[in-house]
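Right after this note come the structures.
Same chain, two partners: chain A is paired with chain B first, then with chain C.
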Partner chain A sequence: MDTIGLLSALPINELVFFINKVVIAGLIIGSIYALGAVGMTLAWGILRFANFAHGDLMTLGAFIAFMLTMAMPGLGAYVGLPTAFVVLPIAMAVTALVTILIDKTFYVPVRKTNPKPITLVIASFGVMLMLQGLIRLFFGTAPRQMYVGSKDIYRIPFAGRDIVITEPQVLLIVFTVVAIVALHLFLTRSRTGKAMRAMSDNADLARISGIGTAHVVRVTWIIAGSLAAAGGTLLAMDVSLKPDLSFNLLLPIVAAIIVGGIGQPYGAIVGGLIVGFTETVAVFNWAILLRPLKPHMPDWLELPANLTFVPTEYKIVVPFVILVAVLIWRPNGIFKGKVL
Partner chain B sequence: MKVLELRTASLLVGLAVIVALIFIWQGNAYALRMLAEAGCLAIVALGLNVQWGYAGLFNAGIMGFIAIAAFGSMLISYPVNPVFWQSEAPGWLLRMALIIAIGGAVTVLLSRIDRYGVPRRIRTMLTIIAALATYMMAQNALTPAAAIIEQNSGFIGGFGLPVGLGWLVGGVFAAVLAWFIGRITLGLRSDYLAIATLGIAEIVKAFLKNADWLTRGTLTVSPLPWPVPTPNEIGFVVARAAYLSITAVLIVIIYVLLQRGWASPWGRMMRAIRDNELAAESVGKNVNRRLLEMFVIGNFIVGVGGAALITFGGIFDPSGFLPINHTFLVLIMVVLGGSGNNLGSIFGALLVYVIWTMSEPAALILFRYGADWLQNVFNIAPPDDLATRALQMRVFVIGLTIILVLRFAPKGLLPEKIVKYE
Partner chain C sequence: MTTLIEVKNVSKRFGQVLAVDNCSLKVEQGTITGLIGPNGAGKTTMFNMVAGAFAPTSGTIWLNGKNVTGMPAHELFECGLSRTFQIAQEFSSLTALENLMAVTGSRSEESLFDACFRRAKVVRDELAVRRKAEEILRILRLTHVRNECAGNLSGGQKKLLELGRVMMADPNVVLLDEVAAGVNRTLLNDLASVVESLNRDKGLTFFVIEHDMDLIARLCDPVIVMAAGTVMVQGPMAEIRKNPEVIEAYFGGGTAMGRAS
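Showing the complex of A and B:
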């Protein structure tokens, strides 16, 4: 039998549909979660508190990129890339600066009193609300379109069908890969990166070995803020810019962090992808994949038209279930993070 | 009885003066509505104080507990829907309940078979399979029932029982939910409880919003019956005053019970656990069990207060539950008032609610002023939706208040009095 005959025996339509709806969608949303989770997990491991304002930092970064895009919409045409992506480095730098300022003004005074970790969490709730209030105050609550012009759509032919992927999605995947490699080199090769890992492992030991705490904290916030801005902007480019994503982003990100183990950047990346894929798998209609099997099934077995694990409107349940399952069975996460 | 301290007394008098000014400025009906809502929130704040102030448990999902309690109260007190009871839908629902009961029992039994020598791995697998099968079957039973109900009768209606019973059942709903969450997360560190409660609140909201057959979803249910005659019957001022007096009585009852509890050996044990878990455990206290107890009791009170709050609003709208209105507002009430002090929680509830309601008109005045200034000096036209934007100022003000309190009065305005045993 030649290959074409073999291929035609396979349910290509359904397979391509599956790739479009699950593999690509999961990769996209998983990358977003990973970008958010890496920064938050680093800060969590080093500063010993969960910064709940992280979801809103992502929104803030996206809005900064949005403002820059509106200020110079034609910029992208020179480079051949979307404007929002071209201005992304500036947005990242500004968000990193804002993050450091937030730390200086709001967290440092609380941290000085040597409080329980939960006090800092409450402070981060305060920061979260202030960011939310300001963002909605200036930009209103309606979603906006970040993309100038129409999106390029790439169709990759695959056995007679097209795998569809858009330009912002390609950019997102490329950016995530580059960011992860860069972060890896930074953490393993540079002095500051090693100091960060040391401090995440044991803060007191790091301090008495002469590692400058203030410097490490600053670098941590820079990484967290810039990656948050990148994640928020790339998400807004792919879908739309919503001012009220806060918890919808925060919950999967925290789930990703806990899956990967707190303070483990690689764990956060894996966790982000796990959470992303689980979400898409859970809301996928599996009946479509079973349809080709229909001729081979006995008549009494009726195929339901809709066979999803979780209805789309309950998507937020998925990260929660993952979170609870990990907390019960592996509270350290799969990468053996800390139990603080 | 001990005379109030000067600090407490002056703060209370100051608050009373502010409230009196609002009565004069905004009129009786407005001020009474504010007070009645603040009263309901004070009950919620007392519940949170049990958890955060006395047990050190950080509940970031009060919204979810308020929502489920409001649903319970609505279910009990809303008038009966005869169309639903005459249709075949109750039979379908009964079938679903049976499936859940049997499936749940099988799942629980399977989760225990490792006690009879079955390897744990197989047990876990069987349990998960049983749970999934139950879930799928229950969903299959529900789909036709939900379709029938939504087509014929809108939603299942209520039971038409007294409102007071509704509030009680609402509190029980919240307490049961709290028991499940507490069982999972109380052994872990405090951040995890915050995340878990935050998540469960969003899930409860998503459920109530989408289960149209049960709650009418986005169509909302109104008017909710009141425990006192409604404004339509006796006018706004009298009706709201009557409602306010009911909440005041509830506050007094809960306050007295809690104060008695704290003075008892039980309360002492709870403080011991909060201040030093290890020491408490070493003298034989079952820490996790006690914490679970506090979490459940606290959420029961939260539920009663929440049910009262939503009943006062008169409309059950699942989309209307917002983290800022129903979680963080209460949190700041307890922290500002002084966690661990019940009087502080009540005081904080009133003060924060006054700030909350007044920050919108205040921001609007400020915005109008700023807009005029922009117009005159720079000739920039202000955006025309100033009113909706001023509403967002409240979010910012609450966030700022949290930060300021943590910075300048981390123990609150009326700090807990440390009891000394000589």
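Showing the complex of A and C:
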């Protein structure tokens, strides 16, 4: 290896390993959390309840994309992108429609009775269980592949080693960045976006100031549903598609929302990345990074083979810890959200 | 002169307390009508019924010849009645300019279809709304804080902003709930001159509930005095001040009315 200067002094193997296992992995899972959390936090801020069915909207969106992919598997080859990604806009639109229908059928009748927020949360639990049941009924429980062919794997040479990233991961990161920028422009530039933020700030005032609340609610569900579908599909493309795909995402997503402050879309993005990176850092094997220091260590000090903060099987604990810590020290979240 | 708001034989009972007792009053178009009275006179109850916060126990309320008894506030808004609050309400995380731009009424709602296929129309509408909001900020002398989050404004500036939000909707009548409360003298002067010019130049009607007698004397004609749940007298401030009944009801006699002014 004939690298020069500072790089040659660095433990390249370990550095690249760190980039692959922590930076890229954290970015991937953080983006998924962010996509899920943004939609859920918007709906939470505007409708004042945590829609626990949000995770299963992600799964539903992924299954809709899966069906479309099976229906026209060759479509992607024309564009040079995976088929599931090409049909994603359709899956997003269908999921948005389903989300609005769920609202009309289940949440609107409850909202009309002027309920406590917890009543709506429990209604959303019902919707969540129903969606899970329906998805299992129609698709079974076996994991499925979203990819028609094989996944492209990109190896970026970095000082003699390769940083490895797959095609769905690149698409996920690019999509998340584009979605966040588009959402930002929508919220700050368009009048509906301003009305949404206004309603999230002070719903009563928005109502009596003539802001069309029904219109705002509809747009909120469209954004929440379509981002959920995108997050679910992109996750299923990266790993595989299972009916319990996003039920496991619900807790980290709720943690991300609370970290960022309820009702704060930018907070949800930051929160999603924080939770994602904390998870990967927590299960990362630090022994590997310490190995280059071995020659400089005294003989009596033995490096353990496995040195992680949290064993991988307890990964789900990490969002809990973040949640508890935030609720103790910053109950409003870092972006000062609502106290509900 | 047409009557904009007419309250006919309205009563409001809270449990055993009869807060408003068979009360009638009128707000004529183009006036700044004041509503005053000692504490517990029922003026806030009356005001809240007109604003649609709750329905009267009996009697009817008419707005522009239409029976609006018990109509909720957001529907009254569509009928051209806007209100401000004693403790100013704002969309705290939006900037002052956005606070105004968010409130354009459902009549000019953006549609998904327009957003996708008629960009030119959307951009044109947006520009018109922005220009209107900027103009209102200029009138209110809030241009220097247009990009400041509304939550960071001072109490007085928030009250001005409330007035601005009301102006965005081009209402027929505005209910002002204690504009002077917690506002310093300089800002109060600004507020009063804005109300005066809106009334004079645009013919906007105001219905004002207020404790600050100077402000009432400067702005309002006629002034309605409520006491013990009923309307006691109605007339220009100069006459009200001399009315012995009013002085008796307000301060239990003496020269207190003189001191208040």
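Note that the second predicted complex is superposed on the first by the 334 of 340 C-alpha atoms of A that agree within 3 Å, B and C clash if a C-alpha of one lies under 4 Å from a C-alpha of the other, contacts with A are read in each partner's own complex, and residues count from 1 in each chain.
By our rule, contacts are C-beta pairs under 8 Å (C-beta built on N, C-alpha and C of every residue); 3 or more make two chains touch, one makes a residue touch a chain.
As the structure is a prediction and not an experimental result, all values here were calculated from the model.
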| item | value |
| --- | --- |
| Which of chain B and chain C A:275 touches, first, second, both or neither | neither |
| Superposition-derived comparison: chain B or chain C, residues of chain A touched | B |
| Which superposed partner A:256 touches (first chain B, second chain C, both, neither) | neither |
| Partner chain in contact with A:113 - chain B first, chain C second, else both or neither | first |
| Contacts of A:37 with chain B and chain C, given as first, second, both or neither | neither |
| Touching partner for A:87 - first (chain B), second (chain C), both, neither | neither |
| Contact residues of chain A, present in both the chain B and the chain C interface | none |
| Touch list for chain C against partner chain A, complex | 73-74, 77-78, 82-83, 89-94, 98-99, 101-106, 108-110, 112, 115, 122, 125-126, 129, 165, 169 |
| Touch list for chain A against partner chain C, complex | 188-192, 194-195, 197-198, 201-202, 205-213, 215, 219, 222 |
| Touching residues on chain A, where the partner in the complex is chain B | 49-50, 52, 106, 109-110, 113, 115-119, 121-123, 125-134, 136-137, 140-141, 247, 250-251, 254, 258, 304, 311, 313-314, 316-317, 319-320, 323-324, 327-328, 331, 339-340 |
| Chain A partner contacts - residues on chain B that touch it in the complex | 56, 58, 60, 140, 184-185, 188-192, 194-196, 198-200, 202-203, 206-207, 209-210, 323-324, 328, 331, 335, 385, 388-389, 392-403, 406-407, 410 |
